[in-house]
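Please go over the structures that come below.
Each of the two complexes below includes chain A, the first together with chain B, the second together with chain C.
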Partner chain A sequence: MSVQFKEHYVSQYSALQASLPGTGLPWLNALRKQALDRFSRSGFPSPREEEWRYTNVAPIERKLFSPFVGTASVDSASLARYRVDGAACLVFVDGQFNAALSTVPEPGEDIVICPMGEAMEKHPDLVEKHFGSVIQRESSGFLSFNTALFTDGALVFLPEGMKIDCPLQLLYVSASPDVLSTARNLVVAQPGSQVEIIESYVGLGDAGYLTAAVTELLVADDSYVTWSKLQSENGRAFHFGGLYADVGPNGRLDHSSFSFGGLLVRNEVHVDLAEASECSLDGLFLATGRQHVDNHTRIGHRKPHGVSREFYKGILDQRARGVFQGRVIVDQYAQKTDSEMNNRNLLLSSDAEIDIKPQLEIYADDVKCAHGVTVGQIEDESVFYLQSRGVDAVAARNMLTFAFANEMVGKIDRPALRSLVQDELLDALPATNLRKEWL
Partner chain B sequence: MLSIENLHVSVGDKQILKGISLNIGHGEVHAIMGPNGSGKSTLAHVLAGRDGYTVNSGTVRYNGVDLLDLAPEERAREGVFLAFQYPVEIPGVSNIVLLKAALNSIRKHKGLDELDAMDFISLVKSKTKLVDMDEKFLYRAVNEGFSGGEKKRNEILQMAVLEPRLAILDETDSGLDIDAIKIVSDGVNALRSEDRSIVLVTHYQRLLDYIKPDFVHVLAGGRIVKSGDASLALELEDRGYGWVQQHAGA
Partner chain C sequence: MSTSTQEIEKLIGQDYKQGFVTDLDADTFPPGLNEDVIAAISAKKKEPEFLLEWRLKAYRHWLTLKSPEWAFVKFPPIDYQAMSYYSAPKDKGDGPKSIEEVDPKLLETYKKLGIPLAEQERLAGVAVDAIFDSVSVATTFKEKLAEAGVIFCPISEAVQTHPELVQQYLGSVVPVSDNYFAALNSAVFTDGSFVFIPKGVRCPMELSTYFRINAANTGQFERTLIIAEESSHVSYLEGCTAPMRDENQLHAAVVELVALDNAEIKYSTVQNWYPGDENGVGGIYNFVTKRGDCRGQNSKISWTQVETGSAITWKYPSCVLTGDNSVGEFYSVALTNNHQQADTGTKMIHIGKNTRSTIISKGISAGKAQNIYRGLVKVLKGAENARNYTQCDSLLIGDKCGAHTFPYMEIRQPTAQVEHEASTSKISEDQLFYCMQRGISAEDAVCMIVNGFCKEVFKELPMEFAVEAQALLGISLEGSVG
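For the complex of A and B:
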């Protein structure tokens, strides 16, 4: 079987090659070929690899997914609940940019916001200069897979000192059965620029599909990027999403990740920090049934005076499995690093499980690094307190679960995004009898 | 309205209440006093329906129903309210959300419509005045980061909003300074009425200077060893708990 699935993807590449974005660019063709070779040797990661110890992706290999070559029809109304009010929005359906569903901003002043297909034609030099630069140190079966097969994605380029006032949403919609959606994004924020990006992954049908999305993010000196991810894939979906960021001196990245959907999910975040740069990583993940959700983060403090704050919360119900791996590496030269990592988990059933692996690798001697992890259950005392006020036990537990999660949602600054995430959360949790007006 | 008959309660192997009998009429205020560890909170918890206690024998009738048969939330909906000795902190649930969920579940049980948002807010705001509480507290997480006094006032605020028929106040005075005791007592006194019975559980007679009970009971070693009127509290103050315990041979 394992040979068969590799051959399948190699043949997909051959079949699609002519229509893939940047097909006329020799450097990209070479890159794709190399990546395809790597993938056909290694395949998807195996639990024998340390970084994949808790997540077995074998189920992905049991099915053969293909990029969709036609145009799935998606009506705008079915996307309404996923759109962030006030944001410009690039919509990708089954891995292809869909102009009719999108509102592409035209901010002018040399700011570039466009789908990757168009970017390869209009801005090939810009893409060539940065493409692959952030992930060059990385190796993962999914990265090779994505590089070889990506069918679209977004290019965002902010020249020095530029700021985009309205947030930009990248909405990835999977609509066809067994579809393979491989988005590849490249976001370059030149010195002193500022942008807020929201990426959303949603599945419209009931059938399974595979999302393998990769973003490279360059946050140059003194730039500030806010990056939120909302993962609401359907219950049969496989999702791999990787955000790879380089933050330059005095730059800042605020990332928050909300992971509610999917059958087998891996959210990866990799951030490398330069001198006096900062990042905050917030995350909330929810899993029930037989969902498996893995959050894998790596923060590399490469230079002195960096600051990182990480706070992830997980809620696991029924037979769900969760993983939180938080790796913080402080290089020998990264003195005065200030780093905090926190992971708190709530297990709602005795069959639910969480694997937690904080990894601090500190090679400098003058640093402040703290971490804490907890796994707990809803406290009977709190349930009784609510019951004694007339709230029934089920509603009380739901309310307490919601409260646990809502701490993370409450941190979202943008009201339109907060309200959208809250809706998704209320949907994902058991009926809470909480109503939005109370929040 | 409440009739406790020969109630025996244990936790695990440990006998805590060893035959409590107590009758409380409509609108009466009963003080239950006693040394630490005598079983006061246990009695309060058993009446409110907390898990973990075994009722070995005895009955509790409340307005004609078997109280021990009801789930805690059903008791609350029937008008039983417990002000906790140690109110629980609930991060992520604001006071206003809790009050609304609580009030609506009680109203629903009574066959009443839910209050609309405006009426609810104005009701709750008017009640905050009763316990001299800043309205900002309504939007804070339940008891989270509240001082001891603020927590106790918050309990009385909940009582004021939920309008119980039987309120059990477990050491609502403990840990409070005189000013705070006065505020809490004024709140409770304002809530006294013909159809609201109150059980004041307290270690000190101090609270009874501010809330005058109709009856005083002394609980020691899991039994009510002496009952009387308000003057019993003063006598206790003079002579200490040792006196009644000896007196009762406890």
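For the complex of A and C:
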């Protein structure tokens, strides 16, 4: 069985090789080949690996997914609700860039925004210079898998001191059954630049599929990147999404993750901080039915004076299973590090489960590091308070659940995005009869 | 800064005071481990048949296991054939029946260690079971305890005098197949303490065991079994030391606690095995499995540990909260200096309804040491209204050490309330300056601050131990602050 899926993907690679982006670039071919070798040896991660102990990806191995060949047709109207007003938008359907649905901004003054296929032809030097520079050590099978098989993605390059005014949305749509969507993004923010990126994953249709997306993000000195990820895959989808970021001196990354969809989901965020750089990682995950949502974050403080803030909230209903792992590593020379992590979880059903693993690994002495975790349910006092004001118990619980989640949504600065995430949240919340107009 | 640093460093560099060797005639098995050795141990101890079989079952299982590698500790592979599994001071006849019969040299050893067994008869204090290498050498206050119905004796004696109790409870909390070191211990354990508190009895005094490794090239494998019947209460202390040697010695103990309805067991440890020298040479590998089972309703098990010794400490005193309304507690101070490594913490398994657990862990890391808290809080589906509070704080002294926290939480019950907090800090210059400006020397100030950091745990220790623990902390810290 396990051999079968490896062979399948190896043969997929051989079949597609000629059409994959950057197929004319020897360095990339070599890289893909190595990654494929690694993958065919190791396969997908197993729960025996410490980093995967709470997430078993065997269901992904049991099905065989294939990249989409040809042109998928997606109705523009069906995507309307996922678009952020005022944002430039690159749309990828089943792992392929779709120009008709996209609104690519006019790239002025050396700014590069284009799909990976085009980037390999027009800016091969740029790609070669930065590709793989953040992910030097491919720690998980999914990374090798993505490197070997990625079919498209986005390249964003901001020269020194440049600022993109409108946010840039990367919208990944899966429409065909059993499709494999492997996007590989590369975002380079040169010193003093600024950009806001919104990454959305959407599943149309009811059939299952696999998304395995990897993003490398370079935030150079004094740059500022805001990154939001909205995951609304369909209920049968498998999703792996990894962001690997390197933040330079005095740089800053604000990341927020909203994970509502998918059957088996793994969200990974890895950030390495240089001197006096900062990051904040916020997250909200909500799972119901038989969903399994795993949030995996790692913050590496490599140099002194780094600041990191992390705040994740989870809501689990029915038979859902949630995982939160937050790992903070403070290197020996990263003195004066200031790190805080918080994770709060709400269990709504007696069949739901949450597994939490906050980790601190500290090798420097002059640091301030703290983490806090809570698991609980809605307080009876709060429900009673609302009941005493004439709200029935069920509605009261729904209101309080929504309020618990909405704290994270409220942190979004951009109104268009906030409203979009709120819609998704209301859709995902179990049995709410809350109306947006009331809020 | 620099003056205080130097003074603090001087302070931390004190010697291990229990590192002497007692020159005794010993009856030691040649190195090596096989079924014959196990049979020989069993024969030496005049054990009943069932125990030998149990040992062999454990040994056969152990052979199928691999040494675990998940802990955050580094050590070269242990050669289990190179050490001896039995060493006992030679005695004439059947062994000591009272303190008068014990080898005076041995008694002197214990006197050096600060437990004058002979004096204890007079000072109405703590009942002590002293274990020297593989055998128990003396148990004090037997008569007085027997009056209350309490059985407190070496486990090797208990298997002969109370085989039915041993058979019923031995391995019922830590089964032979539990883990690598527990299986090894089950196969070759040589002695340990056995405590049985009958129904409704409050043990009239603190019970205590003193462990000492003396012989070279031996491993110490003791097994402690404490059973508290319905509505009983016992407080038990253990202390450990070993001579200074360049080679590492293995200590793989198993402790099992059983608390029935309304019973309470308080288990305190001051672990001061030889930690190795400042270059990390020698020291004890302390790989211990400790677990308590709150089998009855409203039962309570409380672990308090002060870990200052051992080259490597690897232990997770745990509570299985089976009974409804049962309570588990874990209070720990783990101090590592020089090249010491400690991977320690606890497991709280909530099974019964309304079970509560508290975890307070204080890790202090100095020199080049690595100090790890690793803990699991698991709330099973049936554990309605389970409650856990965890706090683990780390104090780093110097920039070459590490302090790590690996908590795991697995919650399957919506009415459970689980809280976890962790923080890491160092002794600030301001704190030191404040103390010194009030006329307190740098050493005393550091000691004071560290003691304050550990106060929540020390207050759980019985009085005599609390004093010892504070002194021990001061000694162990010598030469570390920067």
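Rule of thumb we're sticking to: the second predicted complex is superposed on the first by the 435 of 439 C-alpha atoms of A that agree within 3 Å, B and C clash if a C-alpha of one lies under 4 Å from a C-alpha of the other, contacts with A are read in each partner's own complex, and residues count from 1 in each chain.
Note that in this section a contact is a pair of C-beta atoms (placed from the backbone, for glycine too) under 8 Å apart; a residue touches a chain by one contact, two chains touch by 3 or more.
A quick note: this is a predicted structure, and the numbers were derived from the prediction, not measured.
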Output check: A:S11 vs chain B and chain C. Expected answer is one of first, second, both, neither. What do you get? neither
Could you figure out whether chain B or chain C reaches more residues of chain A? C
Quick one: is A:S382 in contact with chain B, with chain C, with both, or with neither? Answer first, second, both or neither. first
Looking at the overlay, what does A:V391 touch: chain B (first), chain C (second), both, or neither? first
Which partner does A:K368 contact after superposing on A: first (chain B), second (chain C), both, neither? second
Which of the residues in chain B end up touching chain A in this complex? 48-51, 71-73, 75-77, 81-82, 84, 87-88, 90-94, 96-98, 100-103, 105-106, 109, 117, 141, 158, 162
Which part of chain A faces chain C closely enough to touch in the complex? 50, 332, 335, 345, 347-377
Chain B-touching residues of chain A, taken from the complex the two chains share: 380-382, 384-393, 395-396, 399-400, 402-407, 433-434, 437-439
Listed in rising order, chain C residues that touch chain A in their complex are 70, 381, 394, 396-426, 482
